[in-house]
Amino acid sequence: MNGPRVTVWNEYRQERSDEEVGRIYPDGIHGAISAALKGDGLEVRVATLDEPEHGLTEEVLDATDVLLWWGHLAHDEVADEVLERAHRRVLEGMGLVALHSAHFSRLFKKLMGTSCDLKWRHDDRERLWVVAPGHPIAAGLSEYIELEEEMYGEPFDVPPPEELIFVSWFGGGEVFRSGLCYRRGRGRIFYFRPGHESVPTYHNPDVQRVICNAARWAAPTPSAAPVYGETDPLESVRERLP
Amino acid sequence: MNGPRVTVWNEYRQERSDEEVGRIYPDGIHGAISAALKGDGLEVRVATLDEPEHGLTEEVLDATDVLLWWGHLAHDEVADEVLERAHRRVLEGMGLVALHSAHFSRLFKKLMGTSCDLKWRHDDRERLWVVAPGHPIAAGLSEYIELEEEMYGEPFDVPPPEELIFVSWFGGGEVFRSGLCYRRGRGRIFYFRPGHESVPTYHNPDVQRVICNAARWAAPTPSAAPVYGETDPLESVRERLP
Amino acid sequence: MNGPRVTVWNEYRQERSDEEVGRIYPDGIHGAISAALKGDGLEVRVATLDEPEHGLTEEVLDATDVLLWWGHLAHDEVADEVLERAHRRVLEGMGLVALHSAHFSRLFKKLMGTSCDLKWRHDDRERLWVVAPGHPIAAGLSEYIELEEEMYGEPFDVPPPEELIFVSWFGGGEVFRSGLCYRRGRGRIFYFRPGHESVPTYHNPDVQRVICNAARWAAPTPSAAPVYGETDPLESVRERLP
Amino acid sequence: MNGPRVTVWNEYRQERSDEEVGRIYPDGIHGAISAALKGDGLEVRVATLDEPEHGLTEEVLDATDVLLWWGHLAHDEVADEVLERAHRRVLEGMGLVALHSAHFSRLFKKLMGTSCDLKWRHDDRERLWVVAPGHPIAAGLSEYIELEEEMYGEPFDVPPPEELIFVSWFGGGEVFRSGLCYRRGRGRIFYFRPGHESVPTYHNPDVQRVICNAARWAAPTPSAAPVYGETDPLESVRERLP
C-alpha cells in the first residue's frame, strides 16, 4: 500500500443506542467508511470515543497521515489532552477530514477559531453541486450528488474557505457550502457536509468517492519542521544606501 | 455629494426593441439603476452602447470612480478601443460592478481570464442567501432576497472569488455563486447575478440596496501610481555572511 | 465624531518596568497610538492589563467597534472570561487590529487556530513594501515604510491571509508577511507586524497612518445577527422530477 | 512512466544569439529544464518559438498535461491562434508553469487579466523563503533557496494568488511574491520567479526540484467537461410556502 495511513475516528454511540441507526450502520459509521477506504487501497485503522484516550494515543496519531472525524452528541467528552494532541498533529502536517456534525467538534472549532454554527432541519433532499470541476476532491464525480439528508443552511460561521468544492441545494429552500478546503500549519483540512446518522449516506458510492479523494488530497507532503524562535542573521545589517 | 462618481453603462437595446422589456424599464435598465443610486446620494451619469464611443470617452472614464455594466446580446459590438480603455481604468483603480449577463461582456471576461460560462434557463425562482453576514455589500439586508428570475447554474467558470457574498438557490434545483468580489490592479470588481431584462429585478429595493452598497465598496482608495520598470537599488548588494 | 469607536488595549508593563521603553513611550504604547487615532478624528478609549477585567468589561466591549491589541510578556495573564468575551465580540462584528507581539496573544491565537509562531531577532532594519496598492489600509503611503525594528521572519504559522497588504524586507536577510487581513464571523481582523517596545515605531507617521486606516477598515458594518439552529422550511420538500 | 506529460516551451533565441547565454545553456533553457524533469521520471517534450506553430500544434497540446513556458524578448511574436489554443487547453485542465519573464507572456497575461508589471534590475542576490511549508511545491526544500539572480520587485500586478509559496528577499532591498498558485477553469497555474538567462539558475538542484514539484502539482485531475448553456430543470418550479 502506498497511500496515506488513515485513521477513522467515530463517536460510535448512536449506532449502539438507536436501533434505526444501528440497522443502517451495523459496523458503525467508522465501519462503513473504513470499508470504502480499504476498497480504494488505503491503509485504515479505526478509533472511537469510548476507547482509552478515545483510541487516539500518541502512537496512533504519530502513525496517522490523515484523520477522519465523525462526532455528534458527545463533542464535549473529548478530553483536553487528546484535543491538544490532535491539534498539534494537524499543524505538523496530519490531514483532517471533518464529516457532517463534526463541524461542532472541539478539534474543528479550535482549528477554525469561529463558532462553526449553522441552520439545520431533518428530512430534506440535498443536491451537492461541484463548483470546482477539475479539483482532485471532485475526481470521478458527475455534475452533482443527490442524497436524502438532513439540511444544513447558511450562514455557516467558518473562515472563508481557501477552496470551495461543493455547494448544496436543499428541497426546503436553503443552500450550504458543503466542501471546504483549508490549510493550517502544514496540515490540510477538508470539511464535507453530508452524513447524518439516520440515513445511509456513507453507503453512497459518490460520497465514498469524495471521502477517498479527500483522504488522498489531505495527505501530508514530507517536509522538515519549520524553524521558529530567535535566529542569527544571514546578512550583516548595515546602513541603507543614501 | 461625497460618494463615488458612478457611471451606469447599459446596452439599451432590448428596452427599445422588446415591448415587454420596455414596459418594465421605460427609462431603460440604466434609468432604474440610476434612480436608485441617486436616491442613495450618489453622483450618477449614464452611458449606452449606441452613443459615440459607447458613451465611455476618455473624459467620462477619467471622471468615473465606479462603472456599472449591463449588457446581453451585443457584447461583441463593444469596440476594442473602449474595451482597452475601461480595462486600463479598472487596473488604475476604477471599480466595476458587473450585472447579470455582463458575465459574458468583453470587459469582465478580459479581467477574469476565463470563459465565464454557466448554465441558464428562463422563468425560475431565486433566493439569494447572504453567506458573508457583516460584509459591507450585504449591509441592510435580511437573510436572503427572493426574486422571480432567470436561472444561472454552476459551474460558473470564473476565478475563485476573493470574497463570496451571496449563494443562490433556484426552484429548478440549481445553485449559483451570485455575489463575487475580486481585486485586479488597484480596482475592485463585484459581480452580481440577478437582473434579467424580462423581470423587474432592478426595481426590487433589496437588489437596489446591494447595488448601492457595491458601488460604495468598489470605490477607489486614492493612491499613487505603482512604480514599475528598471529601478535603482536601495541597499548595496554585497556578499552574504559566511 | 462619526468613525468607529476604538479601544486601544495595552499590556502596559514594560513602559513602567524598563527605563528605555518608558523614555520612548512616556504615556505608554497605548498613549502614543491613542493620540494618533484621536488626531485622525476617531473616538478612542484605552484599557490595560492591570485594570479590573483588564479594562475590557462587558460595557466597554459592547461600546467598542474596533479593538487594538498590544501585548508581549504577559499573554498568559489574560483571564479566560475576558478572552471569551473579546472573542465572541469579534465574531459579532467587532474589528481587531493585532499589533506586533500580539501574534502570540491568546485572542489572536484563538481566532487563528494555529501556533502563530515565527522567527525573531532584535536590532534589524525593516522595509515594509506595499504589495496591495489601492487597498484602503495602504491609503496615503508611498511604496514602502522604513523602520529600525526587531526582525520577524517566515514561516509565520497563521492561516493564509485573505488579503496580504505588506511584505517586509529585513537587513539580516529575512522576509515577513507584515500586513494580513482576515474575516472571522462578522468581524474583521488586521495583523500589523511592526511595533517593538524598544524603538519609537508608533511615533512614525506612516505607521500611524496604517493603524488609523486599519481601524476604519476593521469597523463593523451594521448587520442583523445571523439565524442559527433548527429552522422551518421555506419550500415544501417534494420528489424531484423523474 | 506515470507522471504527467510535460511540454517545455522556450523562446530559444538568446541562447543562440548571445554567447554568454549560450555558454550557460548550450542545449537551451528548455534543454536544461527537460533534463531535470526527465531525471525526475517525467515524460517530456520540447517546443520552441521558431518551429511551425511554435511547436504547439493541436496534436502537441492535446497530448500535453502540463506546459512550462519561458519567454522574454519575443512575447509579441506568439501567434493569436496558438495563444487561443493554449488558453483554451488551460481552461480544459492543462497545467501551466510560467517561468520568470513569462510574467509578460501573452498566455500568462491573458489568464491573469492584469498588466503583470513589476520592478526589475540585473545582478542581485535572491533568497526565496518558503512561506507555505508542507505545500507539495516546496517538498524536499529546506527553509530557502539562494541564487545570484535578476531582481524582480513589488508591486507585482497580478491577481491575489490563491496560494503563496515563496517570498523573495533581494540584496538591493526589495521583496517579491515568487511562487504563486492559481486555478483557472479546470487548469492549475504556477508562476515561479527565478530564471534569468544570464545566470545558471535552471542548473540549481533546488530550482529543479521546485519545477518538478510544480509539474506534478499542476497535472490535471481527470474530469468530465462541465455542462454549460440552457438546461432543463431538475425540480418543478412551484410557489414557495406561504
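By letter and in written order, the chains are A, B, C and D; residue numbering begins at 1 in each of them.
By our rule, contacts are C-beta pairs under 8 Å (C-beta built on N, C-alpha and C of every residue); 3 or more make two chains touch, one makes a residue touch a chain.
What you see is a predicted model, and the numbers here were worked out from it, not measured in a lab.
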item: Each chain counted as touching chain B and chain D at once; value: A, C
item: Same or different contact residues where chain C meets its copy chain B, judged by the half mark; value: same
item: Per Cα centroids, the chain farthest from chain D; value: C
item: Gap in Å, rounded to a whole number, between the CA centres of chain C and chain A; value: 30
item: Centroid spacing, where centroids are CA-atom means, of chain A and chain D in whole angstrom; value: 31
item: Intercentroid distance (Cα basis), chain D paired with chain C, Å; value: 36
item: Junction residues of chain B - those touching two or more other chains; value: 127, 132-133, 153, 155, 160, 162-163, 170-171, 173-174, 183, 185, 226-227, 233-236, 238, 240-241
item: List of chain D residues in touch with chain C within their complex; value: 127, 129-133, 153-156, 160, 163-164, 167-170, 173-175, 177, 233-236, 238, 240-241
item: Residues of chain A that touch chain D when the two form their complex; value: 93, 127, 132-136, 138-140, 142-143, 162-163, 171, 173, 183, 185-187, 220-224, 226-227, 234-235, 240-241
item: Interface residues, chain D side, partner chain B - complex; value: 91, 110-115, 117-121, 123-125, 146, 151, 153, 155, 157, 159-160, 162, 170-174, 182-185, 226-238, 240
